[in-house]
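Below are two complexes that have chain A in common, paired first with chain B and then with chain C.
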Partner chain A sequence: MSAAAIPDKPATSGLGGQTGLALLLPIVLVNVIGFIIPMLNLARMSFNEYVPGGGIREAFILGNWIKAIADPFNLQLIANSITLSLGVTLATLIVSYPIALYIHWSSGRWRSLLIFLVIAPLLTSAVVRTYGWIALLSNDGPIIRSIKALGVENPPRLLFNTTGVMIGLTEILMPYMILALLAGFGRLDPRFEEAARSLGATPAQTFRRIILPLTLPGIALGWLLCFVLAISSFVTPKLMGGGRVFLLATEIYDQAIVTLNWPVAATLSILVLILFGISLAVYTRLLKRLD
Partner chain B sequence: MEGHQLSWPLRALVFVLMLFLLAPALLVFPISFSGDRLLSFPPSSWSFRWYQSLWQNELIISSFLTSLSLALVVTLLSLAIAIPAVYAIIRLKTPGSEFLYNLFTAPLLLPTIVLGLAILIIFATIGLLGTFHGIVLAHLVVTLPYALRVLAVALGNVNLACEEAAASLGAGPLTVVRRVTLPMMMPGIIAATALCFLVSFDELVITLFLTGPKLTTLPVELFRYVETSADPMVACVSVLLFFFTLAIIMIIDRAMGLTQTFVR
Partner chain C sequence: MKPVNIKISEASLAQQSGRSSIDASPYLRLDKVAKRYGSFEAVTDFDLEVPRGDLVALLGPSGCGKTTTLRMIAGLITPSSGTIRVADTDVTNLPPHRRDMGLVFQSYALFPHMSVARNVAFGLDVRSVPDQEKRRQVAAALDLVQLGKLADRRPRELSGGQQQRVALARALVIQPSILLLDEPLSNLDAKLRDEMRTQIRDIQQELRITTVFVTHDQVEALSMCDSIVVMNGGHIEQIGTPYQIYEQPASPFVASFVGRTNRIPGRRTDSNRLDFAAGAIRTATDVAETNVEAMVRPHRISVSWTNKGSGPLLPGDRNSLQAKLQRVTFVGDMIQFHFDANGVALVAEQSSIQAHDIREPGTEATLSWAVSDTRMFGRAE
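The block that comes next holds the complex of A and B.
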């Protein structure tokens, strides 16, 4: 997306403008059939009418939209998705921040190793990591057993409920948060901290007055990225929710595949995109205020 | 920078948090050697029985082969489509190409659950559902943004002077591209190859919408398996996939440097 990668030099090749269009034709075709038409059609689909048992009738009704934002079940769905995503994003920030700070302060091979370890989980699929969590959090798993060994009679369930989904999602999103934080830590110069400390600031003061303000852009970026990823996440809620956690993404899938109510699924999808847009707008305003 | 005051409480905290991050991925290694009938950790006995049962699971083997051929076809097509496109955008500066570049990298920003549904609805009407070429097309939509970005950087790094020198020595445009530009883009092409392969091979959510009864991919099969049963077999698949992925990552790392691909 960054136009900066494109050098601003004149074309020297002897190939003309028509050649350029010919070279672009395949990618245009793929995206028209696989991306642009489907997305436009999705928006159109949200105004069609679902006939139970009879499929979909071409129409132009607002019924799906009214249902999406007025039906108590759907309202609950939206509220669940937003609160869960906010909670997960906050938890992810808290557990990622120390790691990002530590990586920012380290250097050389050690830094490369740490960055590799942070990226490594991104390269194993979300299904596998979710599976690992299922083993860890199940009722006869090591965590519940340790809690029981400490003498707690009825330990809380950690799997197939909202708690499980939150734990799993937090871990799944950590690499993204750490990378976003690191990208935003550019302004944090160790000399500022040294200066603060040599002027007599305690570590807590240094953190609150120097480190935290200077890392706010990174926090904002990580917050945006993880919130957006959390609200559209599907695999972890589906596998760790055990059919008891109802979120926008899981409902889109169920409506599309199980109920075959595509108009409602399309409406909820567009709703997710609207939430994306709102998050982006909030982020942009926040960033302006930070500058 | 060891001189920086990294107090030991911070180090201990970071260690615990890293453990939290890596635990679920590391856990599959011991679990894969479990001798138990059901998923549990730590296993009460050890064996290779789940690796053996994996070899007899025809669905897993055939979905692996589907995923492999899918990823190979998608990767080759991604390169064949993205290299000319990048050339048109960066070298020829075809009018409107910067807009197209932004448009075609946009699918990366879309949630896959939305894109998957959108493609499902269109494919259902044109009869591409559950077909190999349909899934290839859908995967291309998500691999092309990666290919475009990596290849745009690679082509941007190719020194124009080399191309000009070749042209002034009498090489035609096609010869310049074939003998100078493409060889100089090689690290980027290798990285794009590996990246497209991994993205296609791992793609789950979009594919979940498009698979049919006769055609499933490995990620889809693993997802359905974890959804319905809890036994150690998925751990065995994960371990084998880990080494498979590692080999591909080492290729990216050799060609470009992992940190460059992810953290600019």
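The block that comes next holds the complex of A and C.
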């Protein structure tokens, strides 16, 4: 995935073709059995017919697909999911970029400590962190109470709405964004900044002309990763949305588990997969343009 | 070891490099500049005056503070104390982008996302120079470093030497008040380094640009520069012309860091006289200490294979002593004879074309050299 982070492989491989294939076999098998076959299953299921009450009839109808992309509610879901994910990605980028830049320019033990602090939240499950946010953001939680103490009469609701989902997802995705940015910052030598400054560039000019262009690969990678993670996230929107935020991921869950409409759930799942494909294509083209 | 600070006036500097001293006021001037990191003193008490148009080298081993000094001049590091002046203007607290100094890095630091021409144009871009004027100046700068044909290439498509020349053009196009070179030749192979040395010196002379050159390579410093600042452990050991640094080193550190030298430890028994196990030596310089060492350059020692037997002191102006040949090393243009004189190792060098007479190890020989080539320094117990 990270074209920016993985160096080109050497022209001559030390391994013969046969050994190479043998080494690839385990991961190929795992992917075929655990990913490709279920995906094909899912794709097939999206053409089956739903029988009210939880039954599925083997068929080959386009009804699920027509409903998925023509039904106003579903269209709204798709639009909600894309805008929320883009918003979360943008927020994550804005708060993560300065941190990543700082870590990139630090060194030694301090750098190791900072990277550990970035990764540390990943050691806790997203469910636990989400509940932590619920405690913090709830109406009698410390944040709302602080706002009230400052004299604001009707503080905005920070939980069980889109705002809550965005806050939660942004924090949960920050480690991924920071690591992706760091992986993409490879070309950024601190000497470039010094060279630009000595040539007469102000700090702002240095950022716009040198630092920003050279960190675009990292931004693109972080954007792709966090967009994909945001649009497919389920636990945080479910818990922090309080049932009022409707997204593709929550809808898939409801269709599959509550309504037991597996064909529609399968259709929406494949739809999300197509969205992933589109973002990957955009990313790849962007990266080529950057080079 | 006590630091020896020899400050020579800019007038005498100009005289020694054969120039008139009309423009006598120093262009770049550092007064008591120091940089401390916690309790570590990276640079201490740094005083330097550079006349306009001079090329001065900061020479020393790694960690001696030479790069820190250069970065303080560039404004990338703020001195802990002291002042830096350019043309009598205090720039100590000026941010780097307002200092108008051209900086060339060891790693070139060319912007990888820009073509060669865009790299060179960068300093003009941020100054909002009009397009036409900008194109003209970029072309002129690239011509100066003979890279006009490569203007549209990306830096990664160029060789190391070409990248270094682009970096030089980029620094020169803004017509900097001072050119700062941070080990600009260290990443080049030996042959290219020789070419670049000449090219940098030619350009510097053509533009008459005041230049500070950081290097750990004594050959670069001796061959290119008007004057040399030898640094060690954060302080200045000696400032002088290449000739002074080589022929009249002010400290044992300078004598052994710049060029090769023989060190003969002994006791000072009279003024300008040192006694040691293999005999006595007279020296051109004198010190007050009793524990001393004499230093003489290997190529100043002449070797005579006839055993004359050694008297305590030769009459006249030469030192002489008996030594036994240990081994002979052939270094291309030169042959090194390693001798042992009663436990003191001595090396004599002769140019290959003169050294017809090579003996077997174990041969006794008489080594002799001029008293005027012998310097005495104090020595720690």
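The rule we apply is simple: the second predicted complex is superposed on the first by the 253 of 291 C-alpha atoms of A that agree within 3 Å, B and C clash if a C-alpha of one lies under 4 Å from a C-alpha of the other, contacts with A are read in each partner's own complex, and residues count from 1 in each chain.
Rule of thumb we're sticking to: contacts are C-beta pairs under 8 Å (C-beta built on N, C-alpha and C of every residue); 3 or more make two chains touch, one makes a residue touch a chain.
Note that the coordinates shown come from a computational prediction; the quantities given were computed from them, not determined experimentally.
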Name the contact category of A:Ala120: first (chain B only), second (chain C only), both, or neither.
first
Once chain A of both complexes is superposed, is A:Val28 in touch with chain B (first), chain C (second), both, or neither?
first
Is A:Pro213 touching the first partner chain B, the second partner chain C, both, or neither of them?
second
Determine, under the contact definition given at the top, whether A:Leu199 touches first (chain B), second (chain C), both, or neither.
second
Between chain B (first) and chain C (second), which does A:Asp189 come into contact with in this model arrangement: first, second, both, or neither?
second
Who does A:Ile257 touch here: chain B (first), chain C (second), both, or neither?
first
Report the partner of chain A that touches more of its residues: chain B or chain C.
B
In the overlaid three-chain picture, which partner chain does A:Gly20 touch, first (chain B) or second (chain C), both, or neither?
first
Would you please give the residues of chain A that touch chain B in one complex and also touch chain C in the other complex?
203
Which positions of chain A touch chain C when the two form their complex?
187, 189, 191-192, 194-203, 205-206, 209-210, 213-214
Using the touch definition up top, name the residues of chain B that touch chain A in the complex.
1, 4, 6-7, 10-11, 13-14, 17-18, 20-28, 31, 39-42, 80-82, 84-85, 87-95, 97-98, 100-107, 110-115, 117-122, 137-138, 140-141, 144, 148-149, 152-153, 156, 160, 163-164, 167, 172-173, 176-177, 198, 202, 204-205, 208-209, 219, 222-223, 226-227, 230, 234-235, 238, 241-242, 245, 249, 258-259, 262-264
Considering the complex alone, what residue numbers of chain A touch chain B?
1, 3, 5-7, 9-15, 17, 19-21, 23-24, 26-28, 30-31, 33-35, 37-39, 41-42, 45, 95-96, 98-99, 101-102, 105-107, 112, 114-136, 138, 140-142, 171, 174-175, 179, 182-183, 190, 203, 228, 232, 234-235, 238-239, 249, 252-253, 256-257, 262, 265-266, 269, 272-273, 276
Give the list of chain C residues in touch with chain A in this complex.
74-76, 95-103, 105, 107, 109, 111-113, 122-123, 125-127, 170-171, 174, 180
